[in-house]
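Two complexes follow with chain A in common, the first pairing it with chain B and the second with chain C.
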Partner chain A sequence: MKIAITSTGNSLESNIDQRFGRCAYFVIYNTENKAIEFIPNPNKDKEAGAGPAAVQFIASYNVDKVISGEIGAKVKSILDSLKIQMIIIKEPERKIKEIIDMLENN
Partner chain B sequence: MKLAIASGKGGTGKTLVATNLFYALQQLNYQVVLVDCDAEAPNDMVFFKGEKIKYFYVHQEIPVINEKKCKFCSKCHEYCNYNAIFILPDLKVIKVIEDLCHGCGACDVACDFNAISTKPVPIGSITKYAIENNTFIIEASMNTGVFSPVPIINAAIKEAKNEKIVILDSPPGTSCPFINTVAEADFVVLVTEPTPFGLSDLKQSIDTLKIIDKPYGVVINRSGIGDTEIYNYLKQENIKLLLEIPFDKMIAFYYSNGELISQLEYQWADKFVSMFNFIIDQYGNSNN
Partner chain C sequence: MAARIKRLRKIIELPVVKGFKPYGVTNTKQNEKPIILLYEEYEAIRLCDYKMYTHLQASEIMNISRPTFTRIYASARQKIAKAFAEGREIKINGGNVYYDSPWYHCNTCSCYFNNPNIDDVIRNCPLCGSQDIVSDNFSPVSQEKLVDDYDDYCICPNCGYEKIHKYGEPCNKVVCPQCNSFMRRKKFF
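Coming up: the complex of A and B.
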């Protein structure tokens, strides 16, 4: 299973990005082979529609879940229809490393 | 003559100037129409009583995608400047995000498979009110959550196209709603205040007006506050100062009660009329 996590930077020490569509990086974590990939968000500075563009971007990685601080209404309905599960973590200080540990221990 | 009352900064007094100028001209039996182009928050009617004589919706065409005809080529998505078409070709998923659509029609042009048609969606309304002395107010009003008021503003201005004297109360800022309003005007009255914020936004408005080549002049509202930088700027750039409105508690008091200073203190009606006559003398042409 693949999980996308929004991140403020490109290391495991970075914090979760509270914004979904305008996050700095997406972390794609593969629970099977434990691969972790940091990908810069190409739509971060889009004038409009950064959220739907971000869904399109992460959906192309075939993720099953997405973890972020906040997800807007436009994006929610698209994620629902794609059957991608949303997990909200409203803790701006939470590190990517800790989130991956939590996923591992579940 | 179409006169736009505009400002970069919000809350400088566009509506104060627009409503008082309208009132002052109306009292002289001028055939004048005030168009409230601030579709996101129209409030000119707060200052007038009138009878609603016309009302209609403004629609925008939103694309509808026929998924049976769609080949998931992504061309419509690439044409869309606003990310309003969501597509995952591998999963054969395509969706229109209606809230992001500007109704430009580019997707329809892009589609080679005739898979896109459109449906009208209401985005706002126009109301025309008859006020005293055979004058009118046309109000543009946008529905909550709509992306851009531009089509509604254009419809309101169009409604006044045959009128001789039109005052356009512009939306604040210097983006599309402002540009669409001032583009229709023969002259732009920029209302500002003598503060660093007022000056900064005034410069932005003037830069925009220079690009679209519109004549303009400046009204300084709340004079007496802030600093003198704005006066230095006007002098240096040789920009006409049309009128100064002092920072006065009574003016604020009348305004916040929905009253017009031109009605309560006749000298103010005179000042607005003088400003209008100056603009007509300098910039009016015989065709209008």
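Coming up: the complex of A and C.
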């Protein structure tokens, strides 16, 4: 199973990004082979429609879950129709490493 | 005075069909117009008569008051009876609704998560695996009205330009992109 996490930077020490569509990096974590991939968000500086574009982008990686700080109404309806689970962490100080540790111990 | 904006009704499960058609019509004079059953009316029937909830329980699920639920339910019954008695087609369309999946809150890692697949039962937090989770009626995500092809348009009284009405956005404050005059709601125009 693949899980996408929004990140402010491209290291395990970076914090979770509170924005979904305009986050700096997506972390794609594969629970089967423990692979962690950092992908820069191509739609970060898009004028409008960054959220739906981001969903399309991460959906191409076949993720089953999305972890972010905040998810907008437009993105939510697309994620609902794609049956992708949303997990919302309202703590900007959470590090990517901590989240992946939690997922591993799960 | 403009009317108060209707609160959006919450829909947990979307209808599996777009409508119902009668067959074997004995009356040669075909009844031309279909009955439009709104999404909220469909959901009211589903919760009340299929899931056997009381009006109060169902109204809490749909995030509306009990009297509002009863009104929607009565209207749904009336429409279905009319369709049966007159042999008309039923179309499920339109309404003031939003779709939402059930949300949960984890007390261990204080995250919020939803259950996109309504058939699955969730026992553990997907993040930390803790079993200390509570079902939460509050959704951390803002809601958008379900997009549908219900005929609710804004029209420009000057040039006749039309666009689909956006929920919560008064038409008389919207400027027509073609002739810069204020728009009107088509169904009241």
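As a working rule, the second predicted complex is superposed on the first by the 106 of 106 C-alpha atoms of A that agree within 3 Å, B and C clash if a C-alpha of one lies under 4 Å from a C-alpha of the other, contacts with A are read in each partner's own complex, and residues count from 1 in each chain.
By our rule, a contact is a pair of C-beta atoms (placed from the backbone, for glycine too) under 8 Å apart; a residue touches a chain by one contact, two chains touch by 3 or more.
Please read these numbers as outputs of a predicted model, since none were measured by experiment.
Bringing the complexes onto one copy of chain A puts chain B in a clash with chain C. Legend: residue contacts after superposition of the two complexes on their common chain; A:5 is shown touching neither chain B nor chain C. In the superposition on chain A, no contact is made by A:16 with either chain B or chain C. When chain A is checked against chain B and against chain C, the one touching more of its residues turns out to be C.
Touch criterion met: A:65 reaches chain C, while chain B stays clear of it. Legend: residue contacts after superposition of the two complexes on their common chain; A:28 is shown touching neither chain B nor chain C. When both complexes are overlaid on chain A, the residue A:74 reaches chain B and chain C alike. Looking at the shared chain after the overlay, A:90 reaches chain C, while chain B stays out of its contact range. In the superposed pair of complexes, A:102 makes contact with chain C only, with no contact to chain B.
Comparing which residues of chain A touch chain B with which touch chain C, the overlap comprises 74.
Of all residues in chain B, those touching chain A in their complex are 82-84, 86-88, 90-91, 93, 95, 97, 99-100, 147.
On the chain C side of its complex with chain A, the touching residues are 99-101, 109-117, 124, 126-129, 140-144, 146-147. Within the complex formed with chain B, the residues of chain A that make contact are 43, 46-50, 52-53, 55-56, 59-60, 74, 78, 81-82. By the touch criterion given at the top, residues 65, 67, 70-74, 76-77, 79-80, 83-91, 99, 102-103, 105-106 of chain A touch chain C in their complex.
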